[in-house]
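Heads up, there are several structures right after this.
In what comes next, chain A is part of two complexes: it sits with chain B in the first one and with chain C in the second one.
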Partner chain A sequence: MVSATLVESLRLWLPEVILGLGAMGVVLCGALTHRRAAAAMLTAVVLFASAVLLVNAQATPPAEGFFGMIRLDPLAHVFRWLAWGVVALVVLMAWCASDVSPKWFGEYLGLLMVVGVGLMLMAEAQHLLMAYLAIELVSLTSYLLVALTRDARSSEAGLKYLLFGALSSGIMLFGMSLLFGVTGELAFPAIREALERLPSSQMRLCATAVGLVSVGLAFKISMVPFHLWTPDVYEGAPVPVTAMLSVGPKAAGFALWIRVIQMVEPVWGAIAPAVWWLTVVTMTVGNLAALSQTNVKRLLAYSTIGQVGYLLIGLSVRTAAGIEAILVYLAAYLFMNLGAFACVVAVVTDSGSESVDAFRGLARRAPVLALCCAVFLLSLAGLPPLFGFIGKFLLFGAAIQSQAVWLAVAGVVNSAIALYYYVNIIRQMYLLSPQQARPLRPAAAVQVALGVCGVATVVFGVFPSGVFAWIQGVI
Partner chain B sequence: MILSGLLLIPLIGMLVVLLLPKTATRLIRLTATVSTALTLGVSLAVLRLFDPQAAGVQLETFIPWIPQLNIAYHLGVDGLSIMMVLLTTGLSFLACLASWSIPERQKEYFTLYLLLELGMLGTFLALDLFLFYVFWEIVLVPMYFLIGIWGGGRREYSAFKFFVYTLAGSLAMLLGILAIYVATHTFNMTELAQVCPTFAPGLQHLLFVAFFLGFAIKVPVFPFHTWLPDAHVDAPTPISVLLAGVLLKMGAYGFFRISYPFFPEGARWFAGAMAALGMINIVYGAFVAMAQTDFKRMVAYSSVSHMGFVLLGLSSLTPEGFNGALLQMFNHGTITGAMFLLVGVLYDRAHTRDLTAFGGLGSRLPVYAAMLTIFSLASLGLPGLSGFVSEFLSFVGAFGVQRWPTIVSVLGIVVTAAYMLTAIQRVLLGALNQRWQALPDMTPQELVTVVPLLIIVVLVGVYPLSVLRLQDPAILALLQHVGMFQ
Partner chain C sequence: MAPHPLLFTSCALVALGVYGILTRRNAIGILLAIELILNAASLNFILFGRWVGGVDGQAFAIFVIALAACEAAVGLAIIMGLYRTAKTVLADEVNLLKG
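Let's turn to the complex of A and B:
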């Protein structure tokens, strides 16, 4: 009986199994052969295999796996694809980035894939233990990846991330233990049932527990006031890792939070007002702080915080339309933000400088790269007809639908503020003359990443029906 | 389907320019010119197919685009948009000819130029609110680059100011669009014109203001006008022509297409404010124009003044006022477009636009002097030229309804006459400044861009019915629609 369940679960979970085993294979391959090409090729094969298995898994009906530890439903499936997309695109960027020593290349790619498994698990978790393990899997590998450059800045960033992360994990674990203490359950559906029968005298304790769990998630998605680590860590980490951090844990954090909110629905009312306010604060703080940044990684870090603020609108309203908007916006965000980071990889690899000035005159040195970069930035700014606009449109629409007009107003005002720093980079690229005339040619792998992200940002922006059809099946 | 051709030709032209090598400047210019010429040709074919007697939308195209949100690729023309489409295609072609002298980065220039034309045409053709917004926003990006890269003076500042101002306005409009969609679940403008007027008055007022912000910044209505002088002055000549000639009309067109038919209650509620703002635009714009010594800046402020007549005509809610407002949009596009071309001609030769530096050019450049005089007179509203007709109609319409704003606005005409005549005097009359002894007169290439506009200005001035008969049925229907929801 037990073995039958395990076999069945493993069959459902095959994409993650392949990705996880492949990650170890790549690490070993890198450590034994010290050949970049071998590790890279193996990574490509593993990613391809897991993609094929993910396509296969599409048709299977919603199911629980590993004795109710994980749930593989359409929602999880969307996030599995998002996680896969993050890993694949970041691997393409890491392929040529020079900031990590070639000696560690196998570990680099392998750890990225482990993060991918963790991200998928976060979205699938249906059990407090599993949720905690998934978050720790993502966090621990992220600490390593951030510090992988092994210079002072990178190590500092890794340590900072570790300290902040450990603190927030502790807080979250405390919240989970309270939740377990009150309800006596660990599985999400059981907790939900227990909460519905909960005597009102224990509601406050329960709300506290939920609040503490939320803090841990807020840390993962860089929600203000738990965002303080973000700019420093983003600045210190290798650019592809920053790219991964800016999308992967954010998406998975939202997935887990959506499930947690569904689980604690009876007591969420006590937390909701705080989340509403922090939604507005998050986007405002992120966008205002981004205005004065001169380091492009820090700028994109604050931009990420601003973008998380927009996404939180969908979480605040807690309607089907809100969740749908989150999914669409995350899909858009995957392409536009990773695309923007691919541009940063190309520019930083060429100039060695992370300053916004390094983008000066890019339009003359690399017209296609500059065009792609402009498209990503305009999409992040929310201009039609790009994918980012569609997502924002749905998010603000969901807010108005739920009578939360002022959330939409805050989002709109923030979009106007954000325009300033996005357009500033475009100004550097197109309006100023370059510091050096030498043409810039991004590496082939980065070109592929740019191409995929650019095409997706434009095509899904002009023809979003396909994405809608795919995501509407989820809810 | 013919309307899709209007959008496809610039799109294809843009893609061809993108594929051409950077160094093939001649071929790039030629492709762009042929594209704009073909678009103009198609728009003339649209005019032939257009039935002036019919009030409703014609030549409709409807293709579902995002069915989940009820968004469609929905195009059409009616009496409100037909002249705007012709204005856009005409000025785009003429300004494209004037763009041959762009000295650098031609490939990028013409790519963006054609994208701009696509966006402008789409805005006037769209009958789906979402599509309208998409085209409305598409215009921003190429315009930012066109001012920022090829402009003069503080071009970066001006381009950015333009971008931020208009985007802020359109975000207010976006909120309005979302609110409408949440309430009605449709973006079809024809349906919305039937549904939205039934909203509660309070909601109508709110939505009217949201859209007003979006349109008013584009028009621009005082106090949102400050981006205009900067952007117009620092843009290269052909882009100034399109800015003044077409972009400002997008805002005014929004009133006709969305604000008034969707929110009749809001329109009546706002009429007094509209008249007051129109008055301020006319008088304030004229006085500020009078104070300018930079020729281009003077023309830019004259735009603020002239767009005031559109607001004044709109505020009247009468057939005369509406006809005057819509005709004023067309006339301002042709007259001010030509004025910017003429300022450009002078600047190309003298490399200064300082009005006090000239004098006596009338004898040196007789052809130029004739052109400048005629268009200045048209601009100040001389009877027999087109500007007079539309300004007169706006006054006639508004006088019975908004008496005092109209009376004050008439003073604006006097001020306009004063600054326009002063400018002519400073540039053309008096003793010839010896610096300009060797200045050549207008070349045939330059004349080609201005003479068609001259013909239109005279034609509309002498026989205004040529344009009025196209727009009158649609305007009567619009007013009847507004009156129906009392």
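Let's turn to the complex of A and C:
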């Protein structure tokens, strides 16, 4: 006898169900047939099916599922789409990149889809157990994906990610256990209620617990000082996996953190000042360290840390405008950062080198690719009229609205620093002569990814009203 | 309410775990130290679960045990992979990635 709640929850959760079952199917298909094309076809079908189900799910009113474990509200819905977008674009890149042996292609795509399910769950979690399981689902599959190339660098990156990740999730789990001890509850709404009538003598213990939980989330979004793993892991991982790590867990980490902050609102005041300072430190450290990088994956790793710093502004101000700005910027970040990584996939697959020098003279070898790359980098730098500018504008606007002008000033100063290393790549592409003269033609799937990202970056930058209308219904 | 003596045990386990992570060179040793932290959290969940009543705490602890097993499996797989290419499991001897 299956409970009616369970059936109803599964119906609401159908996109994730399809994605999860599809992942297992793809792993099996890859292991049995050893054919890249078969695994890729099945992946495409599963992704298409879950997209259709996601469109259908859009119309359903906010609901709780699985006995209050998850909450499917408009906020979760935005992040479900972001997670889907990450998986779809990364699968396109994985199809063309050659850094993972074709023998494991089924496992590769299957694990990517499992990460997708985990990302969606992170954004839906409404219960400490669910939050922990979702984070671990994303983490464990990411460790494997990072080590999938199976050369020395990839294994080392996998080990580093595993050790840092396991430590931070252990600390987070300990924080969760203290939070459970203080409040006696596990579900977010119940914890919130318990915290509101908490005696002030337990406030400090509770703030410690919340601080420990925040450590785990800070690790996921690579916030300073929990960012040390980022450059090494990004450098060692296969390029498509790096692309996934730079967007997926960051977006889902922000989603979960938004929910956690709503839950611990009564004691968040004790943590908030630290987050304010670390916001500025994160963007400054990321951008300054990026200046001296010569490996393009390391450069984008530090650039990611800088971008996370901008996003943290929206979290620090704790207003509806801040959350709205985070959502818009994450949407922009999805397209521009994955677009930039698609360019890296094209260049690395062609030259075999991950050095920034490999971009030299790209404008002569592949004019369209170079133009796309320039658009993504300028959007990451936040120049109008691109999508990245809209997101940054909203983030800094949210800071000014809540009287935190210095956060906005720090953001603007950092954007100026970041412009240097983004424009340096553009200078390499347009002003220097190429190392090889033969033209570079990116593979068809990368062209599709580039096209989607490029069109979105430009169109939403020029006409942002569509995105605003979509996001405004959320808050 | 006075803290239960077992709370000190779990805090000591966390401290030992962090100490182990910081001082161990062997990657497997570090994994073991991480298990200590996870077990400290499980102990807390069971302890607080008894306090609060209900089975929430115990259920959480069982999930933690299952996930710790998954983590060990993934960790050992990665360490095996590393040993095949780098011929070492000492965490401070793998340092190809620098910038």
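Following the convention adopted for this analysis, the second predicted complex is superposed on the first by the 473 of 475 C-alpha atoms of A that agree within 3 Å, B and C clash if a C-alpha of one lies under 4 Å from a C-alpha of the other, contacts with A are read in each partner's own complex, and residues count from 1 in each chain.
As a convention for this text, a contact is a pair of C-beta atoms (placed from the backbone, for glycine too) under 8 Å apart; a residue touches a chain by one contact, two chains touch by 3 or more.
Since this is a predicted model, take the numbers as computed values, not measurements.
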Fit-or-clash call for chain B and chain C when the two complexes are aligned on chain A: fit
Inter-chain angle, chain B to chain C through the CA centre of chain A, in degrees rounded to a multiple of 10: 140
Comparing the two partners chain B and chain C, which touches a greater set of residues in chain A: C
Which of chain B and chain C A:E136 touches, first, second, both or neither: second
Which of chain B and chain C A:R427 touches, first, second, both or neither: first
Which superposed partner A:P62 touches (first chain B, second chain C, both, neither): neither
Per-pair minimum CA distance [chain C against chain B, superposed on A] in Å: 25
Interfacial residue positions of chain B with respect to chain A in the complex: 65-69, 108, 133-134, 137-138, 140-141, 144-145, 148-149, 155-156, 159-160, 163-164, 167-168, 171-172, 174-175, 178-179, 181-182
Complex contact set, residues of chain C against chain A: 10, 14, 17, 21, 27, 30-31, 34, 37-38, 40-42, 44-45, 47-49, 51-52, 56-57, 59-60, 63-64, 67, 70-71, 74-75, 77-79, 81-82, 84-86, 91, 94-99
Sites on chain A touched by chain B in the complex: 363, 378, 383-385, 389, 393, 396-397, 400-401, 405, 408-409, 412-413, 415-416, 419-420, 423, 427, 430-431, 463-465, 468-469, 472
Footprint of chain C on chain A - complex, ascending: 128-129, 132-133, 136, 140, 143-144, 147, 150-153, 155-160, 162-163, 166-167, 170-171, 173-174, 176-178, 180-181, 184, 186, 231-232, 235-236, 293-295, 298
